[in-house]
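Notes follow once the structure below has been shown.
We just call them A, B and C in the order they show up, numbering each chain from 1.
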Amino acid sequence: MSVNLKSIVESLIFVSDQPVSLDKLCGVLEEHERPEIRTALEQLVDEYRESARGIVLVEVAGGYQLRSRPENADYLRRLTRSKTTKFSQSALETLAIIAYRQPITRAEIEYLRGVDSGGVVKTLLEKKLLKILGKKDIPGKPLIYGTSREFLEMFNLKDLSSLPSLKEIQELAPTDAFSAQQDLPLDEPGESDQ
Amino acid sequence: MSVNLKSIVESLIFVSDQPVSLDKLCGVLEEHERPEIRTALEQLVDEYRESARGIVLVEVAGGYQLRSRPENADYLRRLTRSKTTKFSQSALETLAIIAYRQPITRAEIEYLRGVDSGGVVKTLLEKKLLKILGKKDIPGKPLIYGTSREFLEMFNLKDLSSLPSLKEIQELAPTDAFSAQQDLPLDEPGESDQ
Amino acid sequence: MTENSLFAANASYQVNIEEFEGPLDLLLHLIKKNEVDIYNIPIAAITRQYLDYLDLMKDLNLDIAGEFLVMAATLLQIKSKMLLPVTAEEENEEEEEDPRAELVRRLLEYQKYKEAAITLGQCELLGRDLFARKFSAPELASFEIEEEPAEVELFELIEAFQRVLAKVSPDSFHEVGADGLSIADRIAEVLALLEGEEAVAFESLFIGDVTRDGLVITFLAILELCKLKMIRITQARDRGTIWIMPVAVSGDGDAVEDEEGNIHVGKS
């Protein structure tokens, strides 16, 4: 029975074009208990990890997905013919800032980067790596941005908390003053108090 | 080396949306001899046959393809029941027109899209993303459509005024194309500074 | 920043220039190159090198982005502040801050994200290092798919609308309710129609509108009135007649009545 369940879980993950979460599996496999399903999933993960097969089972974007083994990437690129995913430094910088500081406005991104970032934000939106979260409730109602599920999928991240931790340079800092980084000293549009 | 090749072949078959023939594999893996590739493929087929896994390797349409185990089909059907399918382009276009141009009749939608849109409108109504706002008092009394509360929920919008305007997107990276496009007067009554 | 490739002879400079994402990036580079303490930036020297760099860009006829000039001004300002002797008065002012402090904060912050960006770039990328099956499995094809609320991002909606606009002649677009004026006029007309009535059938508000514009504007007017809570819209049963009622009738609000009166007078 347990073997069977593992096989079913594998089938389900296999046919999904998106990472499948444990919740989703439990919803589909309603006649099975959650611990049972979790065990099957964990066994599957272990098996994949231990094998040197061409398919790996990764935990990504809040779920599980089968992906090709990274070591084989060279060969796969020949097959897909499509352009390899590649990011410019400005795209990566902007993504990093948004990933770590979301929800964030364009003005905040630009303050941190020191340059106009509208173009790169638009490109990232087009690539679906960002999403518009709404409008910030301050004068001018600027749009606020965050990273998308596709961002996690693209960068093979389990969730936002598995982003590599920011390297703090604080031990060098003479005081803690520099560590306060909550609000950016940005002028809100409309407020001209400078 | 042979193990490696097997892994590569598996990766290649895995990412292909069509059955992969031996010829195709030989074309991609040009630095390997055909017999070598055939052996790797055969080993792979054997391995899959002997395992009770959720994925099977089948020979189909002159090539090899990974499929989910047929015995698990019932479960897959449940997955499709809760599948969140992506919007088709026509659905998205129609929804966009209605969101930005409501209240609007089907004839107006079709005028803008240039194609019959009855089916799409019906689907969107069924998904509760649209609502009927009323009837137009002209011959035929066509229905007038607008977006629903569910639409706002889906996009996590507080109200229609938090729908990003075209202008806001164009300001990210100005392009000449449609810079003259007017915004809909969806602003709050108080803000009549246009 | 710039993709000017006219200056083949100066290719080496150009490579350098393109490396910098912005003024912060350039400053970090200068600080690193000079091996100075970021908490004690020799502002005069760094400013000079920074300005030299801008000169170089100018000589190469490269566009200098506005941000670089703003930073130049900031640096000069900091430099002049540091040259000023600290007066006793200023010293008393709540723990006077080093003029460089804000810049240092920004540089540190920027450096943090710059490094995060590098780390991010080293992740195993989908479509570069790993590949997934980004197509729907053929074994699902035989099943009838019952769609659930689909996933779509706001931006896709905007893109879709832009796509539509791209296909339609611009002229045909200026018709729909673009001018708020006619909506305001129509609001007054609708209120006039409601005047003294208990309820009016929704459809009857559209009588006389022959153009699409007119209909749409009437509709926007009704929505506007609804938002202003000056009318109520009711429907007895699904797809039955929709009734529009002036809110003043159901009591609650002299202000509304006032406003209604005003608009009515203004119209007639």
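Going forward, a contact is a pair of C-beta atoms (placed from the backbone, for glycine too) under 8 Å apart; a residue touches a chain by one contact, two chains touch by 3 or more.
Note that the structure is predicted; figures quoted are calculated from it, not measured.
Novice: Should the pattern of chain-chain touching be classed as line, ring, star, complete or other?
Specialist: complete
Novice: Relative to chain B, which chain has the most distant C-alpha mean position?
Specialist: Following the centroid criterion, the farthest chain would be C.
Novice: Approximately how many whole Å separate the CA-defined centres of chain A and chain C?
Specialist: 22
Novice: How far is the middle of chain A from the middle of chain B, if each middle is the mean of its Cα atoms, in Å?
Specialist: Roughly 19 Å separates the two chain centres.
Novice: Tell me, which residues of chain A touch at least two other chains?
Specialist: 14-16, 66, 68-69, 76, 80, 125, 132
Novice: Could you check chain C for residues that touch two or more other chains and list them?
Specialist: Only 131-133, 135, 137, 139-140, 153-156 qualify.
Novice: For a test of understanding, state which residues of chain A touch chain C in their complex under the given definition.
Specialist: So the residues of chain A in touch with chain C come to 14-17, 56, 58, 65-70, 73, 76-77, 80, 82, 84-87, 89-90, 92-93, 95-97, 99-100, 111-116, 125-126, 128, 130-132, 148, 153-157, 163-164, 166-169, 172-174, 177-178, 181, 185.
Novice: Mind listing the chain B positions that touch chain A in their complex?
Specialist: That would be residues 3, 6-16, 28-29, 52-55, 66, 68-69, 71-72, 75-76, 78-79, 82, 156-158, 162, 164, 168-169, 171-173 of chain B.
Novice: Contact residues on chain C for chain B in the complex?
Specialist: 131-133, 135, 137-140, 143-158, 160-168, 170, 172-174, 176-178, 180, 183, 202-204, 206-207, 209, 212, 215-216, 219-220, 223-224, 227-228, 239, 242
Novice: Inside the complex, what are the residues of chain C that reach chain A?
Specialist: Touch residues, chain C against chain A: 1, 21-25, 38-39, 65-67, 71, 101-102, 104-106, 108-121, 123-137, 139-140, 153-156, 159.
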